[in-house]
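Here chain A shows up in two complexes: once beside chain B, once beside chain C.
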Partner chain A sequence: MDVDKKDSIASDSSEQVVNPWEVAAKDGGKIDYDKLIDQFGCQRLDDSLIDRVQRLTSRQPHVFLRRGVFFAHRDFNEVLDAYERGDKFYLYTGRGPSSEALHLGHLIPFMFTKYLQEAFKVPLVIQLTDDEKCMWKNLSVEESQRLARENAKDIIACGFDVTKTFIFSDFDYVGGAFYKNMVKVAKCVTLNKAMGIFGFSGEDHIGKLSFPPVQACLSVPAVPSFPSSFPHLFPGKDKLRCLIPCAIDQDPYFRMTRDVAPRLGYSKPALIESSFFPALQASLHAFKLLSILFILFSQGENGKMSASDPNSAIYVTDTAKEIKNKINRYAFSGGQDSIEKHREIGANLEVDIPVKYLSFFLDDDTELEHIKKEYGEGRMLTGEVKKRLTEVLTEMVERHRMARAAVTDEMVDAFMAVRPLPSMFE
Partner chain B sequence: MGFSKDHLLARLQELQIDYSKYEHPPVLTVEEQAKYVSSSEGALSKNLLLKDKKNRYYIVSAMTDTKVDMKVLSQRLGLGKGGIRMAPEEALSELLQVSLGCVTPFAVVNESARDVSLLLDQKFKNQTRCIFHPLSNDVSISLNTLGLDKFLQSIGRDSVYIDLEANPVVGKDQPPDLAVYVPSNSVVVPELPTKTASIQTASKNVSAEKTKPVASAKPSKLASNVKSAVEDSALLVFKNPEKFVEEILDKTTALLLSEGKGENVEALAETFRKRLTSEFTHLAVMYKNTAYSQGFYAGTQSQPKRP
Partner chain C sequence: MDVDKKDSIASDSSEQVVNPWEVAAKDGGKIDYDKLIDQFGCQRLDDSLIDRVQRLTSRQPHVFLRRGVFFAHRDFNEVLDAYERGDKFYLYTGRGPSSEALHLGHLIPFMFTKYLQEAFKVPLVIQLTDDEKCMWKNLSVEESQRLARENAKDIIACGFDVTKTFIFSDFDYVGGAFYKNMVKVAKCVTLNKAMGIFGFSGEDHIGKLSFPPVQACLSVPAVPSFPSSFPHLFPGKDKLRCLIPCAIDQDPYFRMTRDVAPRLGYSKPALIESSFFPALQASLHAFKLLSILFILFSQGENGKMSASDPNSAIYVTDTAKEIKNKINRYAFSGGQDSIEKHREIGANLEVDIPVKYLSFFLDDDTELEHIKKEYGEGRMLTGEVKKRLTEVLTEMVERHRMARAAVTDEMVDAFMAVRPLPSMFE
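Up next, the complex of A and B:
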């Protein structure tokens, strides 16, 4: 799904730019999500839809829905319509296995997908695009396969149910029915369209397009959206719908998939899309979510520029001490410079990173509201907010680490075995 | 008290583990053993007792033709390049209660060896039978790895099979892949005068007095130690029903004690649901996944029903 990542320079663009390679806000401001929805042509995930999810699943909607982290969709209401009638769906999400340890931003789509699996009681396929990483990151085949397995362990630790989840790596699984669909998709995509998606022009040499990953990458987001790619899971269920949780910058890939689907006699996959998870230092210019390259420009006190900084993110391997340190030292604060000024004006919640992070990870709505109110009106200080955030994140990372420790190679083998999942809808 | 070979063989029979026994003169090397036990009976093994700089011990049991590179192994365990070496003779008798030439996976049956990590060659799994000493070097037994696994399970151990010839990169972004098998406790083996072969009875007395393995009391400096201890108990929670229930009750009672003051019962029940549901579900899913994986693995290893 991630193809050619170029470091993006924050420009004072007069327009905001959002595509799979570059995300930049307009004039160094914030991303305007409403405009993005207009531009892309997807739908807002409004309160009525969230209420509907609550009714259908008989449980509180996930914190990411309540806080608007997942805020846009395509055809989600149709998926819900079908679900109400008894027509199920399956989930599809993926990851390009990276060499670095996973950070919290990477976990977000998996945390949300796990909730969807539990709440709707539906199966899930998770794709690890090790072939893509092998080609684009110049890793050896063995290395990218090994990384895929390592990443699989962190993914499994998020709490997926092995009786309802199939994890596969491209190197292992591409072939058979999957490959047939890849070719079918490729035949549907015109040169112009491909060039449009990849931003190639007539000036680019043909090597770029004939290069296998391009074809693979065109197919990569598309093919797992079609149930016939998994004959061991969905035999005879060619019309089964697929719901794809993803970041909104992946929308272009799936637009192409949705275009191709009906021509092949498949249902269009539905999307449920998330906004961007800010780096600790928050960039006022460029955010990037869910991809390996974490581009950021720090506008901190020393005005230093930094990119792909390990201090820009909390990793699942960080110790409690490291988390505390990173939050205290690097998390961009919206508090005022002096206590007196802070008590007077209150914090700037728009730019404050700790509060933003809490809105992602603090489940208790009441407590979050309380913090926002007290901090925004100057009665609570940055230190307290950061302390609470450190607690929340440490607990999360600890829990992840414990679960990760329990993931054995046998468990990975089990998740990745090409086997039927008889209880996948229970 | 050290296990004797007869004791061990009796235990194997109790567990209905299928094995074949071969008696021969005492042998100190694999070459010698090969003279008396032919390869048609099974795959011979070479067994090493290794020790790292922090007094932690490892039994490495491998096929005779598997190349065990100590440098690579040391790195994969996260001990640096020269972190591991052959253990001194005393360790054989004190920890494993066996004599020279007798290191064997079965030695972990001894209480004194509870902190010794056992690493098995994954190539054993492809063999119909493998040959080990049953705590004495004048006997060899051949059995299938399933039998070995069953035995290890009966003493509360996991069978750890690894690719001993693998040489993965270990670096900043690639953590040592075997680090999780480093024991959480180190063992102090007192230096004793050179032992003779017949130490079985002598060591029984000695071990009662002297060899109390001292858990190294170095605290959080050895973060990896603490971490692996934590992780070991994490593994148990997901496998062992009693530990699982204990964890649930621990968390519930902790919440009760912290929140239960003066709250009315209904409100308390609500708090419980709210605070514990997601955590317990996560716990339960991992428990389920562990059970499924064990079953799945057993399925891949199960021998077809005899006609």
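Up next, the complex of A and C:
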């Protein structure tokens, strides 16, 4: 139960900054994920681990595993060891409901979590941090709660099993056992610890630590990692392990949580961490806008997709026409400037956004490999790849829209009811 | 609904320091309460206001009013204006349950609040900040909750009316409407504001602001001042005024609360504030121990009575023998060194603790005046006054002990049940 050696090492590289508030690559270039694994002290999710998932779940691993979208972890192997011995775990993921419409990047953790829930047949808690968004953003309590419920509909539309899933909003659920764990966690977090973990320095403006939000941000996301926060779900199972699928920028939060866990007598939560989903214009930004402003407010593959520029992302509310238009106009292409040149040297797949998006959302491995080969060798043109991507995303968004339309208020109430989960450990 | 001009002025005098964490008089002398009223910007509770209380309640004002124990207020006159027009208010007081046994000083706000509840026939909420004590003191969640329940028994023993009183512990009750108000308050409190109100300076060690406790301390005591925090008690009565009886060292908390209230659409809570109850050795300290240590860890009349030195206070758990012994051995006397001198010049009532204690707890005005005259003019000796005080306190403590012994767990449950109060606005 010792604290991981690397758990308390912050990303203090002067070259790239990744934490829950800031993602900035060196000189506006790409995030170096290998380096990030070293900086953070987490582990690479290698092929042997993916093979093991396949063996244990008797199904093909999710595209996001096969293609390295989820590429890093902490103690995932231990969770699998326990699972192999017959011990279940539970999943925890969440969302800060700051906007009405989700974009495709927002869906990624939920799509992956749904797969994990199905494959491992384990319970899942989903936290909507409406309290945090109310504090940080200029949102009223009521508006934050409304957004939480709207976001819950999008989450439910991803296909979660209501008999294994508890969705809660902090404003609804904080109290009782959960509040007690909040106080316990807060007691363990000193200012110095927080500064170390989040990479703040003594030079930082004290406003960064402006205390009420920081405290909430620190303890609130930690608490669902501990099964005793859910006495209606996990009575007497205080040692149950928790697995958290998240983007790697959330790692600092959970390093703090993992540090605190043994001091409170809980198991450290395990993590399975994804890279960032690139913005449509990603490579455009990465190559052309090397300004300081860009580094500060970075988005794209050098950073996270931003919800603030509607043309940087495909939203689950976009129409087929909007999707087509965005892909054709904004998706950065790795194709060559002229057809002749393209036929000759082929597309640069490293920077091509349509291919990247297809590698997230095109299920068929064979077709993806075919496209990459043909496009990379110049036989396929950007327009053709964009057309295929438009089909894939239109179909996906349309499917999501129909699923979401079928989500009733009663279903939201059912997912959010504080209740035991009948088939929790089937 | 403007913010009081003086609301944001902290006690920044270099001469005396009074805030919830520190009470230190100038050079170990007495607290200058007149000066404190000026420093804090509150109002003196004058005779005309006390007469008005008598008229409105048709009963003699409480000893603590008649004798100036509660000596300052904020907007108490407005609460009385409203009451005269037929508008009720509610009372809010509380306790941080950090120790098992209460001393007499702890009982003062509860004795006074019971009088206010009876006299004005108004509902009352009593907060037990077990969360705050868990954070600040080295107490587990479970121990803090146990102490909260033990303290609730002492509070109930003061004679509160269960049909008008809701006692709650933060660990039990935080959540829902209460948690929403916590977040709303926290959003309004900037670091600078907190520093100004509590008299911190940029030079203070950052540990003073060590963020989780500060945030809890700031927002948790504020929240019960707003009726919407109790939807089961005050549904649809968001403008109901709140009156808070407290010791004047709590004023900075509620200055912050009063500052925030109008921004959240609530009425400012009114305050009625007491001086400190002196320690037995009060004047001994004040005159003989002028060390820096004394100023830092002050107790006695120059400060608050301390719970850490068992001989500085009479506890509600003390036996008759212990009470007699403490009074005889430790209660600082204003009598003269020799009987001859005493007969000649009389006792110094200004520093005499037995007389001070009698002025808190001896109901009979005539007898008190008689004692002060006889003792002050040397006809009565210290031993006689101490004997009378011993009788008064022994009887009072015995009465409390019997009342407390009659408090069952079922009664605690009844007071702490989240329920409407039937006779709330009779």
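As a convention for this text, the second predicted complex is superposed on the first by the 371 of 426 C-alpha atoms of A that agree within 3 Å, B and C clash if a C-alpha of one lies under 4 Å from a C-alpha of the other, contacts with A are read in each partner's own complex, and residues count from 1 in each chain.
Please note the rule applied: contacts are C-beta pairs under 8 Å (C-beta built on N, C-alpha and C of every residue); 3 or more make two chains touch, one makes a residue touch a chain.
Since this is a predicted model, take the numbers as computed values, not measurements.
In the superposed model, A:T408 lies in contact with chain B only, and not with chain C.
In the superposition on chain A, contact is made by A:V141 with chain C only, not with chain B.
Contacts of A:L264 after superposition: neither chain B nor chain C is touched.
Within the superposed three-chain model, A:G176 lies in touch with chain C and out of touch with chain B [touch as defined at top].
In the superposition on chain A, A:T163 contacts chain B only, with no contact to chain C. When the two structures are aligned on the shared chain, A:T319 is found in touch with chain B, with no touch to chain C.
In the superposition on chain A, A:R399 contacts chain B only, with no contact to chain C.
Comparing the two complexes, no residue of chain A contacts chain B in one case and chain C in the other. Those residues of chain B whose C-beta lies close enough to touch chain A in the complex are 168-169, 173-174, 180, 223, 230-231, 234-235, 237-238, 278-279, 281-282, 285-286, 288-290, 292-294, 296-297.
Within the complex formed with chain A, the chain C residues making contact are 131, 134-135, 141, 170-176, 179-180, 183-184, 186-187, 189-191, 194, 206-207, 209-216, 218-219. Of all residues in chain A, those touching chain B in their complex are 99-101, 118, 143, 146, 156, 159-163, 319, 363, 399, 401-403, 405-408, 410-411, 413-415, 417.
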